[in-house]
């Protein structure tokens, strides 16, 4: 293994500003949270998350499938069922909260997978270069060109309607987004600090990757990640709406909407309520992500 | 410039091939299930094998791909084993409604973009408002918008029909367009935020940095005139590129919106094909869609190159 | 004998710009007046506040960032007495603007002829109702008047198809089309080559004489100013440091800065005349000096110059300056030149 022709002195210089940058961006992230434009929608979203995960236990709300035929289609404000029940007698509020759990889990899970896979693929593509890089980039292009929903549809359909499968199906599209970003970030460093081909000897190479490349790649990816959670949640809602995501009896905002569609004329609340829940969650999330992105921009 | 085009074309073809391979593989995943769907209760190993041989499913994958691609290029998309209709003509018939929806959606977003940009530039205090509006629109899925509109305009106000599609040949263009208003809005709203962001930044750049704007005002031209005749045309290059590139994204959204409103377009075709395990139909549809998306992306990139003011100024 | 009322008059122009929490004083107590048919040249280094000055008078500065005080008269009307809409209408009727870079002054995707015609048809300065073909004819006439050959052909050209000098002529034609009697030119020739510079200045001078158009020209080129203007206003660090008639400028200039400018300009006629650039940099407006702002770079600075800032004092009929120790008149200057 040939010695990496990068003297320690150079490496020390490389270490300096970039390590600081990582620390700075972490600090910057914390400071960003403190501003009202971030904190307010952020708090709303966290409230939604809290309600969905802790709500049922806290308020003693019945399970989403605990209804009986005796209490079908109760309207809003009925005793014991604040938001009424659906055609199977299940409590709507409960279904909303449990459905929210699913949406959030899918959103975060899919984003996490996309982030990881995209990061790995993008960074390695840039680092190793050559045919491998070209192949990966074309793969990303293809995934981006391919209508995401159709892709997700087909995958979800093949794998079958289960939570894990929905997450996988949605994560595919995000991989290329994160991958391209990771690639471009790695490119900037590669060009700047490594004039020599990156055939590093073991320890140095690993140190370079973890010590220098990662700190520069992660922050922008995290910024994108927040937006991605919203997109993933939207896709899950779409998939479930089409019947190819989460399936009954498990509620999801998407499938609640499609189920409620048949009662659009006499009981529009069955459609409107999950819609509102979805909109509130997504808007608060996007407002937060947008406010954070704006702060990054003005500081850059 | 020519070299760049050739370079890009080659990349596009590679992506196209990848896309078709991907689509093909996806469908193959379904083809296995197709056998279940077709045979139903009569499913036995032998019957499955026989059907498989009959449909050509037992040949090696690459051969199947090439055969299919060869046929498709010649226009023969095969016959759907599920619906017994020829795939090609079915794809063609479904094209109309989808194209109309796409055009409608683009129109809606462009109009919205122009209005919001003009308003936020003329009355600066509305800038945050319009940005907030845009954010709201990008946070709401198109099917939610569609459904809420149906609830409001069809069920409550009885203004617009919930069933969107009425063929212009049989029901006339009036009814057709009336039906397509809501779906177009539903789909268009999801992309207008991006358009507005791009147009607004370019417009602001023109207003701040370009002296011809100051000069035009000094000439005594009215604000609106300067804006519409001078600033906007100079701000369109980025937007035009974006419009082309967004078409791919819209094609995705078409699938859902067509379901909400019952429009018999390509989206519904794809959806039904997936549901019914209709592999042949799906193959054809995916090919069509992949080609369309890639072509639009190429148009977008070409537009970007062409409309770049630095190039025009040469 | 009463002099005709000045067409342009500026009194105590002060401009402050928002910086951080406070204000930075960019332009201080600038006053001038231009008689009808005359040409005033405002000269100074970059950043002296010249461009900002006229933009302030014309109301082109962003109110959120800049604070402008002072009284301005245009065409005999005091601009402060008008409401914003009326003020803008008055300014566009009576003044026109010629910028430094003609490439940026013209709409890149509109044909040049049309940009002139548009002014005639839709500009607020239009004096008569013209129909399209009349306006077109008039535009071509104007193009000819500013020295564009074969105007009928050039009418359909796009800006990027024309040379710099040609574009600037179009801009001037547009200014004429506005029908205004005052033309403000912000470094109209700086972006052009030397030959074209002379041609454009000739054109402006010609228009001044034949059409009686009053001009205010901003330039950093003192020789240009001296050769074409009637009066010269020298600015430094946001203040007027000398005003004097343009005739025989070198002989009459008495402010050391003006002298330095003369020496700094390339002059092929001077014997052994290599230009001597002024050393140092103009002061940062954020940290104003207590004394004379030119003192750090002045070759003649004395002790009291740094202690207190001089006022603008009148030394003659048309001559004012701001200096504690102005140079001796004329002959000393000529002799001092190598």
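We just call them A, B and C in the order they show up, numbering each chain from 1.
Everything below uses one rule, namely that a contact is a pair of C-beta atoms (placed from the backbone, for glycine too) under 8 Å apart; a residue touches a chain by one contact, two chains touch by 3 or more.
Source: prediction; values computed, not measured.
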Greatest separation from chain A - chain, by CA centre: C
Pair of chains whose C-beta contact count is the highest in the structure: A-B
Computed distance of Cα centres, chain C from chain B, in Å: 54
Averaged-CA centre spacing for the pair chain B and chain A, given as whole angstrom: 23
Residues of chain A defined as touching chain B within the complex: 138-139, 141-142, 145-151, 153-155, 157-158, 230, 234, 237-238, 241-244, 257, 261, 264-265, 268, 271-272, 275, 278-279, 282-283, 285-287, 290
Footprint of chain B on chain C - complex, ascending: 58, 60, 89, 91-93, 95-97, 99, 101, 103-110, 118-119, 122-126, 160, 171, 174, 177-178
Contacting residues of chain B [partner chain C, same complex]: 210-212, 214-222, 225, 229-230, 233-234, 309, 312-314
Of chain B, residues touching chain A in the complex: 11, 14-15, 18-19, 22-23, 26-27, 29-30, 33, 135-136, 138-141, 143-144, 147-148, 150-151, 155, 248-249, 251-253, 255-256, 259, 270-271, 274-275, 282, 286, 289-290, 293-294, 297
